[in-house]
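My structure is below; once you've seen it, I'll send some questions.
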């Protein structure tokens, strides 16, 4: 596996999921595989779960880790070609990527959508340039349009808790005070549809996601209808894809409450975290036994470990 | 030992001190004990000594370390329950603590007093929530009301340099330009009194510490009287506990000078560092052979190593 | 080798270069040499290459690494003696250096020139105080006046690519939007002259470097004349040494372009990075096969590994 930035990068999805569960059950079984290898992680945006879970995954494999926060620890990067660099950015992504590729064995990149220009965000400039220029395997730590380590952990969690062969999985928009990227819902739709789940996406009008990700899902603007009989409720806010980066609604009636959960088939509540309590979901939901958000976050470690392990084996 | 946040967490103080001296003399004797284990350190405030000495201690035990600065590397945390999270904080401490507990084997937390609300600070909200929700052993890296790793290093230093079975140990307030927490003096009083030393606390009127920490000490507002015959002079600034968080004095006559040190029984000068030179103590004191502040700081490594070693053995 | 802050610290330059090439060819040959040892890195300024390449070098030697950014992770430091510390700086360099020396086995320091006061910068206050007070081997990660890890990597790169026994090496000033220190050009002149290369330095009038570094080089204000027959073109901006820290020119005719490179003897283009594209050099130069800036950056790893290896062997 040369890169892990989207589902299409994975040669054998079922095999990767199997490996992730192996890592979950035997985390210490590959302790020398990465000896002498370094994982570099470049963060253009903050991170808690991704930073620590991926560090642990690398550590369990015997790798060393070096993490950098762009703009704080390291120079601000220019990503446009052909520009005269007389402004704030001290380094071009061309040099940064090529050099990092000489320093580390695997490179993780976190670069969120800026939500100003849809074409630019969906071109995945930062991630693609690092992949193209670094010459080493790239792991997305959440890019402008996808968050595949999260999705792999999400799939593990669903497989772990599902009671039916083909569970009903509802991805529902929920209110939030700030404009957020579509990376997590895009990626979740991409992976759950590939798994063959019964996927339903609910959101207020105007919040349709890019069809390249949601093709095959049932889409509705009626949250209650979506939740009816759900096995998993995956709440998440995102800003509009059509009216790009805009907040079109902050309708608190879309918050997940115990009343909403009562519509499900004793469904589980999921979220990628960080979650804004009493915006996305109420305390009563998050503190109930139906919430599996912490187990879901815990699955980030074996998910990352399976990806790194696969990459290390092919170095 | 399930947590190390205060003296009462320590089942056997003498045994822990003995272990700390073992670690000082044989730092490399437990190099594989922590293999495959991760120490997470979450800093809500800056740190030099604690960050590096605890890292070294963990490293000597074969552990891997991941350190995070809240607000820079990771999201700002909400600590209040029941709030609608529509403001700056992107994550609640409930999720952050529970998730960290799934990613690391031991969790260090630094969270200073904010000095706005005494009840809130003395409730140790951040530390208590991490202890309650993470499910892993917690090490205080200085909390709102205590700094036990510092106190353990302080005790080691006194035991190392003392010439009398029951030394006279003077904790004295000294001037400083900013309002500081009471954590270090509280903790120092708690530990030195438990050791049975002859403890004297000197400060200007209004700087009385919380009696729960100082019960058993001689307390005076006459610094010279306190210093008379002292074996150890522990200088430290703190803000008022009564008039909470306020600076009531910046009286430079409380600065420790060679003249003050001359009142002692060839006493040693101690401070937890960082120290403001020519405020807390004069250059002449800090640069004299009576100053043992660097040795005291060096003892932070075996202190942390003894705590982590004890925790690792009970994992 | 007790410190590596300037060429004069190196007992045997040829031997160190030889060791650096050994490290380049057999990076994994000393994997346990640094076990149980910690490299501390204190950054007063941002860093990408130095942070990551030195981390990798240490990791290849089995060392553990702890990196700190002053002002973010750790306290701001006071460097002047005798001052009353009632302002922003919470800690004096005296305590910080002495304490760090108790926590780490080798100490790396990055502290750029501030460009306000030439005497102060050229006194290398920060670096010298750490060297004097820490008691452990010091590695410069770029100081006010020199960048020896860069220079060692530069020499490796020239040795690797040179086609003539005594190559013509041209150090040329180039335009830049901000005032930069003289550390890299000083250091480059110091090392290349010691190597016996045919060194030419070209810059606009007023940009003469400190003669202590350039004594022995041909110096000209005619860039084209300098480039004639060059084997290596090392472009770099610096601010004036005479009119200290000032920008005297932003003449874009000094930018390195394909036309300039055509004057050389099929010369290679070098730069320490980060480089501002289309200021220092044009895209066409940087993206041509004559540019060896990435290989040059890659040599930072074996350069740092050779220095650390030598220090570890003498601990």
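In order of appearance the chains are A, B and C, and numbering begins at 1 in each one.
What we mean here is this: contacts are C-beta pairs under 8 Å (C-beta built on N, C-alpha and C of every residue); 3 or more make two chains touch, one makes a residue touch a chain.
Computed from a predicted structure; not experimentally measured.
J.: Quick one: compare the interface residues of chain A with those of chain B and tell me same or different, with half as the dividing line.
T.: different
J.: Give me the C-alpha superposition rotation for chain B onto chain C, in degrees, nearest 5.
T.: Fitting chain B to chain C on C-alpha atoms yields 120 degrees.
J.: Mind checking the centre-to-centre distance between chain A and chain B? Centres are C-alpha means, answer in whole Å.
T.: For chain A versus chain B, the centre distance works out to 39 Å.
J.: So which bits of chain C are touching at least two other chains?
T.: If we look for residues of chain C contacting two or more partner chains, we find 72.
J.: Using the touch rule from the top, collect the residues of chain C that touch chain A in their complex.
T.: Touch residues, chain C against chain A: 28, 31, 43, 46-49, 51-53, 55-56, 59-60, 65, 69, 72, 177, 273-279, 283, 286-287, 293-294, 297-298, 301.
J.: For the complex, which residues does chain A have touching chain C?
T.: Residues 35-36, 38, 40, 64, 66, 68, 72-75, 78, 81-87, 90-92, 94-96, 98-100, 102-104 of chain A touch chain C in their complex.
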